[in-house]
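Look at the two complexes coming up: subunit A is in both, with subunit B in one and subunit C in the other.
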Partner chain A sequence: MSFIKRYLLPRLLQYFLVIFVGITVVFIVPRLTPVDPVQEMINTITQRGAYMDPEAIEQLRQSMKEMYGLEGTVFSQYISLWRRLIIGDFGPSLSQFPTPVVKLIGISLPWTLGLMLVTTLLSWIIGNILGGIAGYFSSSRWSAAIERFMMVLRPIPYYIFALILLLVFGYVIPIFPIAGGTSIGLKIQFSWKVIADLLRHAILPALSMILLGMAGWFQTMRLVMSNIVREDYVMYARAGGLRDTKIAFNYVIKNAMLPQVTGLALSLGQIFGGAMVTEMVFSYPGIGGLLYTAINAGDYNLIMGITMFSILGIATGALLVDLLYPLFDPRIRYR
Partner chain B sequence: MSVLNTEGLKAYYIIDVLGEKRYVRAVDDVDLEIRENEIYGIAGESGCGKTTLIKTLFGMVEPPLNVMDGKVKYKMNAEYADIFAMDNKRMREIRWEYISYIPQGSMSVLNPVQKVRYSFEHFIKAHRRIRNKEEEFIKPVERHLQALGLPVQILDSYPHQLSGGMRQRVTVALATVLQPKIIIADEPTTALDVVMQRGVIQLLKDVQSSLKNTIIMVTHDMGIHANIADRIGIMYAGKMIEEASTEEIFGNPLHPYTQYLIGSLPKIGDKSYKTSAPGAPPSLINPPEGCRFYPRCDRATDECKAAIPKLVEIEPGHKAACFLYSGVKEDE
Partner chain C sequence: MAVLRELLRDGKFTFAFTVMSILIILAILSFFSPYDMSIWNVVPRDMPPSAEYILGTNSKGQDVFWEMTVAIKNSLIMAVIAAFFSRLIAIAVGLLAGFKGGMTDRTLMSINDSFIVLPVLPILILLGAILKERLNMIVLGLILAIFGWAWDARLIRSQTLSLREREFTNTAMLSGQKVYELIFKEYLPFVIPIVSATAINNMFWAVGMEVTMAILGLSNLTIPTLGTMMHWAISYQAMLLGYWWWIATPVVVSVLLFVSLYLLSVSVSQYLDPRTRIQRIGTAKVVK
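The block that comes next holds the complex of A and B.
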């Protein structure tokens, strides 16, 4: 199989190289920040009012370094990191010791995945359909109206837009809760009441992401469409007396979708990074907020765990695009 | 019997330059009478309005191109119908069924993401109802390709897998698959080398002699016209200036422009130095008053600057628009 030898193997090699470099960078960068997780922990203990003499503090520091896996040179830490990563052990969280990092991520990931998978897919679908229609029937009054709406929506900074939604629908007209992923004290189980509660809490964060995301997809799709309707093959199909719907779907949209498919795969990969601003504004549980606290506390292991997921997500997304793209565009060949 | 004719056809591009409207007179007062069962060649240099003329003949008029005046009539069921009076639905129906089109740039006219088979399917299904796919679509298309000498396997190819010449022949096959009365070919050979050109020209000739229909062939290549056309119309700066049978145009050109054009063609054994018409073709935004060729014509008189000569019959079947032969003016 020359396909495996000439295309798949080099591409997989590149995939693992990206992950390797990514993890190395993530290992180095937190160690360059001024935050020292051991000192952070000692500060927390002493702030609570416990008195400790310097000798006891030094002893505590030593034993904590040992527990956190921070003793030894940076290089030996790096080696032991890889030893642990290969067996899937990210170690304990430093700020919420001794909870394992994997468990913390496991709690947050379903929230992020649920929210972001739905919003990414919905905004992609709606944005492309509207953009496709507006691009194909660019002279109609409706297209101009939609386009103007998107033009206003798109440049609004996300955090301001999210805050406005929160103020309007959470405070001025209080129809949606202003914070959290569920009502306080709700036990997660499978019942209509719980699902309704989850949905009610998810609507505002989801709406903020869908609206702005959709406007972005709309504008790129609209632009691609307006170029493709002028292509020779579209003119030729028109000369052949093909029906408008046939031309729109088989000739224009099919070609315009190609770059959009790439975009979708890449943004699906980004899901694992979470939506930090959304989670902050709406106090929504998820990976983004977890990462934020981890960075503040200098929690090396947690940072490593979360970014590892994010790197894997994006690299896998790009790999899938490369492998699947020839299915959509016959001109692309594996080389 | 004419199958397509135009009366005083004027098609201008309207360009808005800082609020001021400018008219590019690409087709200016053209009368044509194209007969059944003939290959009619339209010749002229780049920018003389050839492509605009056939776009208008085909009814593909989209802004900034506008038909200012005149009519294009197709003969359908023994009656002449003005295509600009038809609604879009009727226009859509007669395209390909009655009049089809072979485009200039075959490199990009086939949808890059679908196999050639689907182009055939879409073009046929737009006009015919297919109930039995095998009997009514696949077999006839394969027979058609075989009749044109094209391999049937191209149906399962994507356009990028075909050579330029093959792609051009696919467009010829597509244009003839519904056996239309008229085929308009817009420089079908320009992107091809001479060997391929010969193949495509021969293909068009064969198609015409078996279908007994009309081909309107546009090219600036006089060699191809000599090869294929029954009659030739010469265009200059948006106007038809001479029209005659191919033998007449090559053997007895009347208009000074046509004489330059024919005189510039190399002949076997002829080593004489070729002269070209002095100057450059005029701007179509601001064409010269009077005859549009007079600034470049060495036989121009004062009359040529004052009035526009009309295309009239000088000898039987030979029309020219020049005051050297007739004094008839265009009334403007």
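The block that comes next holds the complex of A and C.
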């Protein structure tokens, strides 16, 4: 009971607070500037000269007014935004009228989830293990070399790194496809050919995320390790004659992992942002790719829907990581 | 000055400091630009670098070198605004939460954690799509400030928590010092080092966000920044047409800016961490 009260309840509260703060910020910030967003968006669309039938424009004006709110008081606008969010109605997409935004997000979601889960986990695990080893054996030449490598990797802006990878492996040495999630015209079914094709298309986007993500985890892990190595119990274990590898993996790395799990929950938002840029660069058919087409088409409903959706998704992801935390940390489990 | 001298003993810092100084000088040079960057076709188009046009000209008929100086100036101004205002929020929240404790602390930290978790990029993209042409460097800086304070407020809070337990807090309280005086006169000096180290990180982040948004075409494209320079070069196919000087300039400058900001933040936080400081001074003595 005390576990639920002391651990579960605050987490759930936090979960709703994240969503609340996110939606509220999205609601308030545009209002602080003297712009009529509805007119602005309609101008943008008509300036592009793309053909849109009048019905679509009217629908757009309507749903935008409702979501964005120039109808009713500020408070009732705010309430109606929440109502839409809860019933999951973001209106129709404007560039692919009249497909609902929710359906488009549903199609792209598996791609993003797959890419993000695999890359996040891999970069987290590899970064932590390498960081752990480099932190424990900090005097060896190897760890100094890895550290220098990560130090060069870390500050590279994500977009530029992805672009370089794309240029090198897509154009200069064309071993990987430059765009898309599958070969054109491939039917998704369960066979080796399809899986191989999916993997081949996923390698470059995944590689860019894993390498840069790994560098970040490596550095924080290395820092945590350098503090833990000085703890008394490590010295005691050494004096007791335990093997170095055993101390490193069983006692030091295990403990240093704990803050990293919290870090994982907290950094999900940034990882998600990274995944979006990746998909834009590699034209991967996930949420990021969808967002990119939405930006180019001036599809406001879709942009709004994706933003709301990502706030929900990230909050849920962070909650899940937090709820799994007791599995790693016995101190919380037995409290 | 003594601090600077100490810092300059670190090779990383010296390098970063030099690069940063050069970039700032370039930014100041922009005030002497012979061209107005809002006007197109003032010089012949697509000229490679030469004595007259140091870094060539672009397809918009602008001199790349002078465009670059203005871009550096704008990007730096934006980053400084973002860093400054997010520091203000971070200091206020961190000090208040750490000093008051209890319910205030819990409430503020929950809001704080929410801001940490929020996916900033999609939100910025939404705001960029709405504001677009109205988005100047100041507005963008302020918007980034709203999203950039949370991590650092946490650091400041934990610092304040430990300060509160120190003896001098009780001495000050018992001798009748006012609370705001205690906070501003006694606590702030302890917090300033964290603030300066995280400010550099925040500038790093802000410049990166600006570049990402501009490449996507989601900021005011008439203002030259590192991001919008890349945006125009990419949308005019500078890479395919072989106008390497146009695309390479903003890429190289931003890589330099990123690396120097990153190294600055690493060396400053190493300097501030007493443990590594002792190590460094220790090894320095051995070298002597």
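Note that the second predicted complex is superposed on the first by the 219 of 335 C-alpha atoms of A that agree within 3 Å, B and C clash if a C-alpha of one lies under 4 Å from a C-alpha of the other, contacts with A are read in each partner's own complex, and residues count from 1 in each chain.
Rule of thumb we're sticking to: contacts are C-beta pairs under 8 Å (C-beta built on N, C-alpha and C of every residue); 3 or more make two chains touch, one makes a residue touch a chain.
As the structure is a prediction and not an experimental result, all values here were calculated from the model.
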| said: Quick check on the superposed pair: does A:263 touch subunit B, subunit C, both, or neither? Answer first, second, both or neither. | reply: neither
| request: Please work out whether A:100 is in contact with subunit B alone, subunit C alone, both, or neither, and reply first, second, both or neither. | output: neither
| task | Answer with first, second, both or neither: which of subunit B and subunit C does A:254 touch in the superposed model? | result | first
| message | Touch test for A:180: subunit B only (first), subunit C only (second), both, or neither? | response | neither
| request: With the two complexes superposed on chain A, say which partner A:170 touches: subunit B (first), subunit C (second), both, or neither. | output: neither
| message | Just checking: does A:114 make contact with subunit B only, subunit C only, both, or neither of them? Give me first, second, both or neither. | response | neither
| message | Applying the document's definition of touching, compare subunit B and subunit C: which contacts more of subunit A? | response | C
| said: Need the overlap of the two footprints on subunit A, from subunit B and from subunit C, as residue ranges. | reply: none
| remark: So, in the complex, the side of subunit A touching subunit B is made of residues 231-233, 235-243, 246, 250-251, 254-255, 258, 328-331
| task | Using the touch definition up top, name the residues of subunit A that touch subunit C in the complex. | result | 13-14, 17-18, 20-22, 25-26, 29-30, 33, 35, 37, 40-41, 44, 151, 154-160, 265-266, 268-270, 272-273, 276-277, 280, 291-292, 295-296, 298, 300, 303-304, 306-307, 310-311, 314-315, 318
| Partner subunit A, residues of subunit C touching it in the complex | 110-111, 113-123, 125-127, 129-132, 134, 139, 143, 146, 204, 208, 211-212, 215-218, 251, 254-255, 258-259, 261-263, 266
| Partner subunit A, residues of subunit B touching it in the complex | 58, 60, 91-97, 100-101, 103, 105, 108-114, 118, 122-123, 126-127, 158, 160, 174
